[in-house]
């Protein structure tokens, strides 16, 4: 039972790199250390294989921390083809372009913070005044977009934001430059969502077309031979990623990073193996769940995996996927393409319900 | 420090009711028992006060369990005015009208389940074949709706489903009958969401208008003197509920039930006090977080609170809110009403970002 | 897959008892609700079968809350034959005989509490001054015990405390009156432990004989045909209980209540199934883990199970076990009895390591 | 609010070291990343100050993984003066000297494992057969020790094991060589504890003197000007460490690493700030809790902190504490030294109860 592999003690060394440590953890035999090392292997394999469509999913809270730099970096490097996230990502990413967040405390007096105009996000302090700036910047942007056309897909609109509004360091900017579409399935659920509503109040024919994003995602997954995902946290970003991958027979590579518990039957806490029963991860997939705070686990995972593959994907950015079209453009809107007709049959076998 | 109140030992008694137990826990002085008892007090106060607009928010996984009966029941009783949930709630609620879920195990072989057509949701087994039934029922429904008009708000469409499709025991049915709008901010993220996309493929001018829901929610919160919420679980249902209540100065009553941890800065794990800093819960609110699995905590909370208020709200269902209009109808779509213009100012002070 | 059993919706009812609720949860099909109901079934079966030696294990923090009353009550009712706990149980149980604990808050200013002489135990406030009272009461007790003999077993000494020092409501008192031995494998790790050390400073030949407790426990488990345990929380109380039961082939009934996570390989978070691999729970045992705060889960479990068995064990207290000797007396100290010799062989097959 | 410090985005870099990463996390502003970086700072300060008595506490499960190598390494380097742990540490440390543990899975079939003689510890597989070897090695060791004297302190006995039995890589060996006493307050609660009982069966006058360890610990803390602790996990090892440090006015440096939750009032989940109210950590202490699996967090913490201090403590091993006596020898057994008499008064102000 277990063959030749043994739990091996390891030692720390002067100048030990993140990649060295991940390799040592891989031999250490136990608990989450081995899951972390397995995650490094899976990301490395995923990046080392040509033609894998790669998804990055995360929750917005991470964008309020310095991990935003790493998330932007891996997009710039071309390591991911699709981004799925929550509405707050847009908010934090934009606001941090012109206003600073501060290290704070979980135990601050929240009523006093409120009176001082500081909002608390865990142990990060967010200046409320910058939301006024957000309004001042977003409304003209929306006017300009509206001048162009009345109805926008979400990823289409967010992509435009990344092109026009974002600053150096921005995730939206990095995504736009790398040609990575940003899917935000709950687009209305945040400050920018509120701005969309506010704009609608004075422009009744302004429409956000959430089904257009579904058409694009369908194109993405039906066109993919293999897919993989790194999913940080739970909720709608996680579910949307695995849900859509069900339509191609499940993810071939999946790394979950979570703090959520499994015992309550939540989607957030569900481990990678549960997704196999739904066909959201394929039976033969390389998959793992690493339990831990993403602000610690993610840089280890990504740092070590980038080292393993020499900081580039198979064929490098641009060449990946062999002629991949700009996924933000998507299929012709509303057209029932032959491929989509085929899905009409296929969909009876692979369904999406869990959320 | 602490005055006269003491930790009091309590004893179990033959025939002890849920309400008896909650009262004993209230005197027991420690850990989550006192938070549960505090939750009972808050719900009782909320229901005992006239004119409080009450929100119920929960995640879809609960609808896969027998708790669905309790959730439908409190809607039938008129205890809540607004429902906010995730896309999977629609899926599970509908499918369970014609197909049975089974008690399962967290430790089943997921690959084998997949081959047998069973999907696992925690320790609940879901028959995949019923998703075909879902498609067979939803597509004609959408055709009929489309025949009426091309563009639907989400709550509007879900409300119509509750009227036309649902069965006895259904949450959507109970909501429809009680005139409770059902907001699903991530409407596309589930099986019914997939059906919307599928319908769109052959009906390119079919639109789901997510901003219409925002207009309705704005009407609801700006029109409310006081608001309260029972929030089961985290994610987008939780955030959307507290986010919109920011616009009226925060919830006056708030009970969170969660298993999520605070330490990772997640919205799901954020305690009620964090929302005070954002103005999503008011500084003077009655508020508590009860940490525990909702399938255990919710029936205790609701069962005991219903007993405390004699199973009815102040003024009873129907009379509550004094002439409340059907919130599903919402304000005239797209009109910039005077009330909304006032919000245009107000919005500079209370912003919504966290997700 | 799953046969005829279905997830059944349930409804709350006026005057619903704790036992009614537990039965409804048992049909509800999902998450921890079904585990709680399973726990009720297991305790009921355990109490309904004659000759089962029953263990109650818990951590000391619970004794700082009103749950202490319930824990004393089930001992008084004769539902358990053996108690295993941590050192703090002695401390809290004694101090609460003469001083009051207060409901407090998790978010108090701990430095200020310290300056005011209040110690915080979660959200319970403990008056530090009462530890002086503890010293004033324990030192004379130890002098008296020392006058009798120099060397005491832990359970022997704690049993004497229960007889001489405790007040109405005390767990130690209830245990003493019910003839239930109290094993505290980490006896020195608390305030009373400090008192033992203090007494030793002036009485160098005073000995606490921890191996005597092991001899007694060996007698208990080797003499038991069947055993069962309700284990609240983790750590040394949990491990000592399952560890000793390994020597009779594992517990036949096991209910764990825990908040600890499994993913870190901790003993506290280990689920019941892990103990099967060690032989600490038998392969055919009735067993379950209920995840949740013990201050909520325990009264539901015990309240419903007591109703199921009519508030008494098979044969009632006293008659149980058919002539069970006082387990505090134990086997003749230090004697190598034939039974023990047999263990010398047996022990090669069942080993105890995990902690 | 917050001054000049800002949340700073960071980037991964080729060849990034563990220390580089920890520094980046320190500027990243949020969640557990900043707590980890704070932990590195605290350990560095603690090691950089002369005359600080340093405690290392951990739970036994870690010794079943490759982290054992790191734990032994920091003892060899002289970074800690005292070790406090659970009984299983002795078991795993010894067994791994002659038998291999294997990487396993959390989801193995535990009944089948049991039949194959494999015990599961999280996702580590332990060969049960090696417990026979343990018995074969420990019984002669105990005979030899018994030949020398009848009564042994726990740390004294464990220290002797480290000298005589241990192998290269052993924690007990490393502790013995570094002159670090190993305190195991629940000595009987494990496989070696069972061996003590077995030996006692045939040697009725063999005694394990747990109060002797208390006398030694009293000497250690009363003789220390400043103390600090790195505490991995909860339970009795954690509590014993902070409990004894209460007697000197609390730890001056404290780093907790835990996965346990605070909401249940458990000692394991209690954050560092709770200990301030008890005086177990001083009001002015440098302290932090890092939430995460110790197999990931510990090598980051220790690896980065060792780099910060150049892999040596102030004055280096041996010179630390300026003439520190062998703590395993302890004060003359049972003597009421002047220092101890003074404690007789002191103890009225600083009490230990929590466990």
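The chains carry the letters A, B, C and D, assigned in the order they are written, with residues numbered from 1 in each.
Here is the rule we use: a contact is a pair of C-beta atoms (placed from the backbone, for glycine too) under 8 Å apart; a residue touches a chain by one contact, two chains touch by 3 or more.
These figures come from a predicted structure and were not determined experimentally.
Summarising the inter-chain layout, the chain whose CA centre lies farthest from the centre of chain D is B.
If you compare B-C with A-B, the chain pair joined by more contacting C-beta pairs is A-B. Each chain gets one centre point, the mean of its Cα atoms, and the points for chain A and chain C are 46 Å apart. As a whole-number value, the distance joining the C-alpha centres of chain B and chain C reads 39 Å. Centre-to-centre separation of chain A and chain B, using mean CA positions: 26 Å. Residue positions of chain D touching 2 or more other chains, listed in rising order: 30-32, 61, 64-65, 107, 113, 118, 121-124, 261, 263-265, 273, 291, 293-295. The part of chain B that touches chain C in the complex is made up of residues 1-3, 5-12, 14-18, 21, 24-25, 27-34, 36, 61, 64-70, 72-73, 96, 100-104, 107, 113, 116, 118, 121-125, 169, 273, 291-297, 299-300, 302-303, 306-307, 311.
Within the complex formed with chain B, the residues of chain A that make contact are 59-61, 64-65, 86-89, 91-92, 95, 106, 108, 110-111, 113-114, 118-124, 126, 128, 131-132, 134-135, 151, 185-191, 193-194, 196-198, 200-202, 204-211, 213-215, 218, 233-236, 239-240, 243, 259-270, 273-279, 283, 293-295, 333-336, 340, 344, 347-348, 351-355. Interface residues of chain C facing chain A in the complex, by the touch rule stated above, are 30-32, 107, 261, 263-265, 291.
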